[in-house]
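Residue numbering begins at 1 within each chain, and the chains themselves are lettered A, B, C and D in the order written.
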Amino acid sequence: MTQSGNGNGLALAEKYYSQYGSRARELKAAGKKIIGYLSALGPVEIMTAAGAVPLRLKGNVSEAITKGDAYMETIVCPFVRNVFDAAIKGKYDFLDGMVLPHQCDSIDRTDDVWSDTLNLPYWHFLNVPHVTDEPSIEFMKDILRLFIRTLEEFTGKKISDEAIAQAVTAHNENRRIMRELYALRKTDPPLVSGAEMMKILVAAMSLPVDESRALVRGVTDEIKHRKLPSSGGKGPRIMLIGDQIDDVAIIEAIEGTGAKLVMDDLSIGSKMYWNDVEATPDPVQGIAERYLRKLKLPTTFVGTGNTYQETLEARFGHMKRYIEEFKVDGAILFVYKFCDPYGFEVPAIKSFIESAGTPVLYLEDEYSTSTLARLKTRIEAFLEMIA
Amino acid sequence: MAHALGLDIGSGYSKAVICENGVLHSFAVLPSGGDYKGAARRVTDMALQGANLSFNDIVRTVATGYGSSMVDFADHFATDIACHAAGIHHLFPLVRTVIDVGAQFSKAIRVDEAGRATYFLLNEKCAGGSGKFLQIVARILHITIDDIGPLSLTATKPVEFTTACAVFAESEAVSRIAEGALPADILAGVHKAMASKIVNLVTRVGLMPDCAVTGGGAKDAGLVKAIEAELASPVTVADEPQITAALGAALIGAEQAATGKR
Amino acid sequence: MERYYAGIDIGSTMTKAVIVGESIIASVIGPTGPEHRKLANKVMEKALGEAGLKFEDVTYVVSTGYGRVNVPFADRQITEITCHAKGIHSLLPTVKTIVDIGGQDSKGIKIDSGKVTSFVMNDKCAAGTGRFLEVIADTLGVPLEKLGEISLSAECPAVISNTCTVFAEHEVINKLSTGEKIPNLIAGVHDAVATRVYALVKKLNVEADIAVTGGGAKNVGLIKALEGKFGCPVLVPPEPLITGALGAALVGKERYEHALQSGQTLTRSGQGLQEARLFS
Amino acid sequence: MAEDKKPRSLATQAAAKIAKFVRGNMSATLKAKEEGKKVAYAYINDGQDEIMRAMDIVPAWGESFAGVCAAKRDAEKYLQKAEADNFSRSLCTYATCTIGFDMWREELNGQTPPDAPWGGMARPDMIIGSAQQLCDPRFKWPQATQHYLQDVPVFVGNMYYPPWDPKRDHHEQEAIYVKYAKAELLELVRFCEKHTGKKMDWDRLAGLVDLTEKTWNLFIDTYELRKAIPTPMDTGDAMNTMVPITFNLATQDAYDYYKGLYDELIQKNEKKQGVIENEKYRLLWGAGLPSWFALGDFQYFNDKGAVFPAEVTYRNAEKLERLDLPATNDPLERIAWRWVRFWTHWYDKARKRPGSSPKVERIIEYIEDYKCDGVVFHSAFSCRSWHAGIIHQAEVLRKIYGDIPILIMEGDIVDISSYNEVDTHNRIDAFIETVDAYKAKRS
């Protein structure tokens, strides 16, 4: 167990952020099985129940892709390419296995590139559907059960329903505590900066659930005791929307101008923490529903509304609620190039949020700091515009 | 004496080689400068002068390269891939992998024991990782192309170059300078970025020793060193790497003349 | 006593300085070299000379443009988006849409009473930027300033299909050597740039009047091509290059005077020109 | 656009008839209103053809529309329209081209934009997408379209097949996938019933399923005639003759079309009439949708003595006997099985060769059956579905099959902006030389 609650939570988050995966490496040395996964669709409850340590993989935005392009086309989304590049350069050489959820074409179509190149002992492609109707829930349960079975074969241990139920409780608790921390961003100025928050989020996704919970608990306690500065709430309050943004570089570009990042709709952030798994008699049912229906990713088709407006509300309504709760002045929609799921949503998201009176800056870019200089001008101009 | 003329009219440079019975007799190199037709004539005249010959002494002319279609006096046209393969095979028969760094494209070519290309890949659609990239950076640094190699070898801490775009390379170079980076370190950084792009191509065609670097880029000792480091294996460079394709063209011409092929 | 405000716009290609009092009293344009700081000084010194002022006479300095962070003597940095809006509004108050074609990027800016309401910037390659034109001018051996004029005599613009500047350059060379006429080529290049810029700016809800600023605005051929795309005439300020620098000076003036009125003083960078030179 | 596309001379009469087919499909959507029929935006290869046809729903194919725009080199205006509303250039250009067209038509209050190729497509009454394994745009595109056609109901079903995993027997998973696909097809039937006000005629559906299967068989029989040396038809033609199997499945017209093509090829083979007179090189089109604006490149290959007797692209059918489908009386279940097995029937074979994969196994089979000397891939930047993973396929192919010449061309399906004919032709020249070297070595 990591020590926390003794005032070093932020320092610990900083450490796990800057040495990403170091804790998993330690746990591996201590005999744990480490399973890497990509995207918010990785069912961590099941991996936890299997006794493994789930590690969400990230790349390195300040490192150029040098090896990966020999294996993977540049039309694959830059996030996936960067993580792959990091993986073949050995950043994750301690992994026992990986699970790739069917999130998007960039992941689906490179499944064999990953598995053949990395050649890990355990490999699983989790074929998550894109639709949320009843048959899809049934199917999701089927493929989750298959996933459970392959994990059992790999670890040689049965994964009981009780173990899954326990893992569900642990992850729900982890989410609840993270939401508590998020609540500290509602003040003006927010008690916790966007950059700090990013480091905590990243650190959390690299830890086993108990350690993540302890870390976030500790950090929250520390931050709660901060004093709100009497002045200084002047910069605009920003929400960041996107998929896998897991580095402070862009946040520092935002906050460097005096603006404050107060909320996100990121797949490593609120998307992950805003919806719990319901404790159902068959625990797989609750997990299937959470990942397919509650997790608001652009990779699931939602067509429940009778009118288009209702459909939009179902897809993006939560963002409007964030804007109210966190008093957001402007939103930045950051989409990676070659990302079809997000790319096709841009006009809809933009007009949906703008119709509520919140300006949106849309950025399309690489997973890299090399283009940040150009982005900065846009971000700054946007902030000047809404100031 | 049978003389064959090989012309490589590249987007950057025009090269002429005259071979006599399968042996290099003379050569010339000239910037193409946009006028491929004129450059082809001028570089031919230069090579003829160097060999003390007139055009009537040439039994066969083979042209290759980006602007080769402009050469109205050629008997035959060959692709630069085939010419690089033939040229390098003549110089170094053991070479199985050729890396050509030209002005616009970089290529990786696999060559068989008969000097024929069996597989090749090019960087496409983007001029990143090509000689152009370097030219642009050199211009910003106010140094001549010939100085790039020697200067970059004095680098102590290469600047991490993240931009792949030849045009934006310019602004990245500018900001690096503004940050106080030394020209040598910038060049070494560019070399490193280019080398990793080039080596990706090589990985894809499959590296088979021996490996040679050709084209104008091979004259750049810094780039060659970076490629070696990235490949983790040594490479061969000819004395005049830039004329490899022209040499290959001349050799193809000589062969065709010998076998009476039209 | 009259107050003076300076704006300095460090573009990727050109550095521009403007000093305003009640009106523009000096404006200077020079090339941007690799060493921004030194050049910023030179251009600033020249502008001061033109205005007959010393650096100490200037109340507030705002830097803008690509190299804005590299101006030690500036008191504040503001993006060129905001500055262009401000600058154009003071010159041509009826303008609602700005198209800025600079050396490294092109932008579209929607303004409402001098305030930015939305904007777009190109993010792809060098296509659709002034750099593209520079490269082509260089290739064709035509002075940059002559591009526009020459293109006006084109009979039928050549089609340039490559977007990548580097490849487009070779396409132009190729076409040249197959006998395509230079005016047609240049007109084709203008058309290609105008097409990219138009596609970019169209993302805004374009409203007349439209103004074109930046170096690209100095090119009559490009202006003509743009007018063709927009289907209406566009306005060009007398010296389109200085719009950003002028805007910067005006933003400085506005902020400073606003602060004065509310009884505050703005903190200054404290770096004089001398110090800056030592620094570089 | 100022630049005209080079006309390609087609080898078969059947291919020359395709323009009429495509035009017919487009005008059918415009005529549907008069005939009291519903028009649906539909997406190819979704396994939904029989259901739509059985409900008298007229499909309007965005992929066909965008392909025609591209072939006429007239897509740019639609792409720009979409780009203007923040659709990235890196997104599927079939989708963005069609969405651009939709946006324009809405601006004109439902009137077809001027100069729409071949009269354009009708405004749909519904959109029927499928979030199947094929690609993300198949469900994002319908959703994005609805942003402009807000009153048009959208259905998206999900049809998956078991993922390839060399270590795992897929047969045990097939049942799950079939059950799911069947359930999703039933959802589609319900959607169609709701929006047409008609009930499904299950016997008619069963009849159409039979017709489709007959067409699949005939299609493969026809294409296998291309094994002849010299080959009577190459990929240049097949990019045309794919239209009925892709857009007109479950119609008698499609069946009749292949009957005609079959007869034509038999005749050509009897006369030993090849695509080109002196067939020197036989190539396989290994993967990738073509650049519709550059179909002339096939002619260029032909001019160099190269033909393509086979292609992976648009070979959207298989001999039924090879799929070994379980017997069933339920037409939906039949479609589901056919759909799943179409993808998985390569798996067993691939598992037998260590390091292989189904995609590569398929390529090897075609290389051998059609006696090919080289493989050409086309990598289109805006479509990840077919084009991400090509490098890997080429690598695996070379690893397990040997040093067969491979060319990977880079381009796009619709977006002409990065195409360069001179470079492409140079590339082809050099490739032909490597094929020549390969052949010389093998003989």
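The rule is simple: contacts are C-beta pairs under 8 Å (C-beta built on N, C-alpha and C of every residue); 3 or more make two chains touch, one makes a residue touch a chain.
Keep in mind the model is a prediction, meaning the values are calculated, not measured.
Two chain pairs are in question, A-D and B-C; the one with more C-beta pairs in contact is A-D. Subunit A and subunit D, compared by their mean Cα positions, are separated by 35 Å. Distance from the subunit B centre to the subunit D centre is 40 Å, each centre being the mean of its Cα atoms. Centre to centre, using the average C-alpha position, subunit A and subunit B are separated by 46 Å. The set of subunit C residues touching two or more other chains comprises 66, 164, 167, 174. Contacts with at least two other chains are made by residues 85-86, 381, 391, 395, 418, 422 of subunit D.
Looking at subunit A, one finds that residues 70-71, 364, 371 touch two or more other chains.
The touch graph of these protein chains is complete, with an edge between every pair of chains. Interface residues of subunit C facing subunit A in the complex, by the touch rule stated above, are 66, 78-82, 105, 115-119, 121, 123.
Remark: subunit B residues 66, 69, 78-82, 110, 112, 114, 116-122, 124-125, 204, 206 touch subunit D in the complex. Remark: subunit A residues 62, 64, 66-67, 69-71, 368-371, 373 touch subunit B in the complex.
If you check the complex, the residues on subunit C that touch subunit D are 124, 156, 159, 161-164, 167, 171, 174, 198-199, 202-203. Chain contact summary for the complex, subunit D toward subunit B: residues 381, 391, 394-395, 398, 403, 405-406, 408, 410, 418, 422-423, 426-427, 429-431, 433-434, 436-438, 440-441.
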